[in-house]
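Listed below are the structures to be examined.
Both complexes below contain subunit A, partnered by subunit B and then by subunit C.
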Partner chain A sequence: MKGRKLEELFFRVLMVLATILVAGSFFLIVGTVFFKGFHYMNLDMITKTPGGGFYIGKEGGVLNAIVGSFYVAGGATILGLLVSIPVAIFINLYMDGKRFLSNTIRMAFDVLFGIPSIVYGAFGFLIMVYFGIRASLLGGIIAVTLLVIPILVRTLDEVIRTVPFELRDAALSLGSTRWETAKVVLRQIRPGIFTAILLSFGRAIGDVASVLFTAGFSDNVPTSLHEPAATLPLAIFFQLGSPVEEVQGRGYASALILTIIVLIITILSDILIKKFSKHKI
Partner chain B sequence: MNFRLLKDKILSKLMLVFTLASVSLLVIIGIGLYYKSIPIIHRLSWGELITSSIWKPLKGLFGFFPFIMGTLWVTAIAIIIALPLCLLTALYIVEYAPVRVKRILTPFVNLLSGIPPVIFGVWGVLFIIPLIQIYIAPHFVEFSTGYSVLAGGIVLAVMIFPLIVSIISEVLRTIPQELKDASLSLGATKWETIKKVILRKALPGIIAAAVLAISRAFGETIAVLMVCGNNAVVPHSVFDPGYPLPALIANNYGEMLSIPLYDSALMFAALLLFIIILLFNIISRVILARLERKLAA
Partner chain C sequence: MTQTPHISVQHLNVHIGAQHILKDININIPDKKVTSIIGPSGCGKTTLLKSFNRLWDNTADVKITGKVLVDNEDIYAPNAEVTHIRKKMGLLSQRPYPLPMSIYDNVAYGPRIHGIRKKQVLDELVEEQLKATGLWNEVKDRLNASATRLSIGQQQRLCLARGLAVGPEIILGDESTSALDPVSTAIIEDLFISLKEKYSIVLVTHILRQARRVSDYIIFVYMGKIIEFGPTEEVLLNPKEELTKEYVKGYIS
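On to the complex of A and B.
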């Protein structure tokens, strides 16, 4: 009898410890990055592009990478939305009575979601070679778009599924076409679309492996789609590989910048999701 | 009126094209990578590519065995660390934690999943590497730089925490309350109920979560590359450096086009990753979909 209680207690303690470790790892990571990066953080980091001798520890910042990352992530998210909104609508509103097929398509997107970004990067590189595009902002956007499409489709699909059937039925029974019904649904899920955008943007801005071959790297802010573009994660990776202490330090500061950007995005989307589930009918 | 119907029809066809195009990406990626790996497969055959340990691109020798082993080592370490911890965490969150604690915990799992891979890499370099080099390794081996498959495994484990916790929690929530009540009313303790009822019921879901996590770990690139040591030999202990497949691709893209067959070899590495991950993903998704259907029925 006592043994059973003891076992219960033992595992309960174990569970609490595991939970503390898992949830605590977040603080450990963010704490480490803050602790190291804060020391090297200054205004130049976010307002200047690398000056001459930046990579041996002279002055400059990573503005090129910050802007490049926003361009790549923004461009990919916009392109991704153009593809995934029609797809999500099609699965949900145009495939009535074909549940097996629509579920198979859903599963295909789940599988696409699981394909690692390095494979998208390699495939994006193949596309670029095929069309004769050099490592550039455009190449980066293409590869990252492939990466975010599954995220966008999955999120939008889930959001559309929360729209009550009655709403669609009402629209259809009033004589509207499926497309007109889709417009009603789209208006309903507007906050959900923003959530999807944030999720996709957050994933896109932090990913390295997909832009590694495709976006290239440059010390300047890109002014056209055909120029190579630096990205923040790649800048972190390069700077950390430097033997110069100052440059490594800037890598930590860049890591801090990226962490802050991503945290803001994640928290915003969390708030949006909560708001969305509160107001939906 | 006709115009409205026409518009609907055209748009529906357009959306169908978009849907088919993006779904067929799965096939196109596979074909594209295979097409690019044909030169090396013809030169050296699948068997030789996978089982040979000699990696000398300049001499035209491409043996992927060390890289496959590197990938297996880090993935195995990651899943061995992560699975029990995440299972316990999910059990605590779903079965024990008061609502208030639950509300505080869930955002952190979310936030953790949002952190980019490169930040995990930075953390690995700053925290895990010194930890292994100074505190862990000296107890077991004479010398280690810290850059090892163990470091890669630990960093990967933390990266897959959110994925495993969220899937297992979802699976646990699908278990009917009546089953738990029946067990508890027969006098079983909560832990006994978990052990003999809940875990048994949730087993397929837990396996699916593990398989999905393994496939995620397989393809993770930058974080592992930063802490693994990247030495093209088969690791023999957890303190040896390793060189997983994704790291190989990422590290050598620069020289890819200057050495004959090298680009083909790297695309073959990508193809290997793609095939393995595709299979694992399909397996786990099928298991999960089946669970969902059972629940709906």
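On to the complex of A and C.
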């Protein structure tokens, strides 16, 4: 009896410690960014683009990078969805007689999911060279779209597979075509689509390597797809590399901005998921 | 049986993977009657039911040979149009699966996809079918509420109303009361009895009491073959075949 109690205690302590470690590192990371960056946080940071001498500690902000990041991540997520929803629907609802083929496609996306983002950056760069596109917002969106498509497809695929077969049968029995049935399934998975969007946007807005050669960098807010665009991760990278204390601090402030953006998106999507899951079986 | 059959199954064989699930099925389902398919678990009851509206089309490894004639039209003919076939049959599954939309939209879904757009026509249809399934008084004040808010018994009746709204000729029930409480079960059974005036009804059930209460004819299926087919009282009280006798007495299940 004593051995069993001891075992229970041992694993309990182990689990509590592991939980503390994970939760602790979360607070440590957010805390570090907050304390190092908060002092340099001001309205200018989010409302102004870098002024003359910004990178030696003079006035300005990172509005260029904030807007650029939203453009790149938003554009990539929208483009990615346009490709991923049809793929996920197709492999689940149109290929049901061809399990081998659909599983092969799934595996291909699994492999793509694991490819490091720098490879997407390099690949995106090749596409740009081929079409004669220079480092620009468009280039960044293309590379990041390639990066998020596997995330979107995988997430949507998982979500569609949770839809009971009987629901499809119900729609089919009423005389629905496959596409009409697909629309019912899409309605059913609406909360899941939001989850996919969130995952994709979160990955896109934080990724450096894919935008490194493709989006370029600019101190101005891009006004067209062909202009280079700054992104927050790159802005953080440049500023943290500076020897000037003021600029380094702003690097942490930029990291804080990025963290807050991701936090807001998470909370927002949580609210939207609740709102849209009212028809959930 | 002198009347013309509504569904006529001829030499139907169904293979799923390497398994021979249904073996040379020949049966005539009578028009405007309730016919129950009974038999032990795994005997092929549901497979037979689902082959009536080609629900196996989307499943891998299923091979179907033979003919299923509905109104003398072979639904497995190469030029048969599947949505048209399915529209003729309403399916009521084991558990209710309301579509992810409001009560109103669930009933209106079928008519809408078949081209009815006028709000007034839809309103009338929805009311008519909700009344036919005895749901109208319970839901008339919350037609725009999500269908998933209803109790499971109400959901099953909603699914029936949804099926009736496309104007089918046949109702297929696949153990439609197995997830329901006794009161809801009784309501659904009574609905089947009253609906046979207008529809031919085929039910899969493993509850012999239910088969006896609601059906006019019984098909006993065992190991993928039809063992006996006849009027309810005859099959249940006076079975001709030894296997039927054993099943009815509860020796095999």
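Rule of thumb we're sticking to: the second predicted complex is superposed on the first by the 246 of 281 C-alpha atoms of A that agree within 3 Å, B and C clash if a C-alpha of one lies under 4 Å from a C-alpha of the other, contacts with A are read in each partner's own complex, and residues count from 1 in each chain.
Heads up, the rule we're going with is that a contact is a pair of C-beta atoms (placed from the backbone, for glycine too) under 8 Å apart; a residue touches a chain by one contact, two chains touch by 3 or more.
These numbers were taken from a predicted model, which means no experiment stands behind them.
*Asks:* In the superposed arrangement, which partner chain does A:D169 touch: subunit B (first), subunit C (second), both, or neither?
*Replies:* The second partner, subunit C, only.
*Asks:* Quick one: classify A:T177 as touching subunit B (first), subunit C (second), both or neither.
*Replies:* both
*Asks:* With both complexes overlaid on chain A, does A:Y252 touch subunit B (first), subunit C (second), both or neither?
*Replies:* First partner only.
*Asks:* Touching A:R99, do we find subunit B (first), subunit C (second), both, or neither?
*Replies:* After superposition on chain A, A:R99 lies in contact with subunit C alone.
*Asks:* Counting only touches as set out at the top, which of subunit B and subunit C does A:R187 meet: first, second, both, neither?
*Replies:* second
*Asks:* Residues of subunit A touched: more by subunit B or subunit C?
*Replies:* B
*Asks:* For subunit A, give the residues common to its interface with subunit B and its interface with subunit C.
*Replies:* Shared contact residues on subunit A (touching subunit B in one complex, subunit C in the other): 177, 180.
*Asks:* Over in the complex, which subunit A residues touch subunit C? Could you list them?
*Replies:* Touching subunit C: residues 93, 96-99, 164, 166-177, 180, 184, 187-188, 190, 278-281 of subunit A.
*Asks:* Could you pull out which subunit B residues touch subunit A in their complex?
*Replies:* Contacts found on subunit B: 4-5, 7-8, 11-12, 14-16, 18-19, 21-23, 25-26, 29, 32-33, 36, 84-86, 88-89, 91-93, 96-97, 105, 107-112, 114-123, 125-127, 158, 161, 165, 189-192, 194, 212, 215-216, 218-222, 226, 246, 249-250, 253, 266-267, 270, 273-274, 277-278, 280-282, 285-286, 289.
*Asks:* In the complex, go through subunit C and note every residue touching subunit A.
*Replies:* The touching residues are 53, 55, 58-60, 83-84, 86-87, 89-91, 93-95, 97-101, 109-110, 113-114, 146-148, 159, 162-163, 166, 172.
*Asks:* Once bound in the complex, which stretches of subunit A touch subunit B?
*Replies:* Checking each residue of subunit A against subunit B gives 4-5, 7-8, 11-12, 14-19, 21-23, 25-26, 28-30, 32-33, 36, 83-84, 86-87, 89-91, 94, 103, 105, 107-112, 114-120, 122-123, 125-127, 146, 149, 153, 177-180, 202, 205-209, 212-213, 233, 236-237, 240, 251-252, 255, 258-259, 262-263, 265-267, 270.
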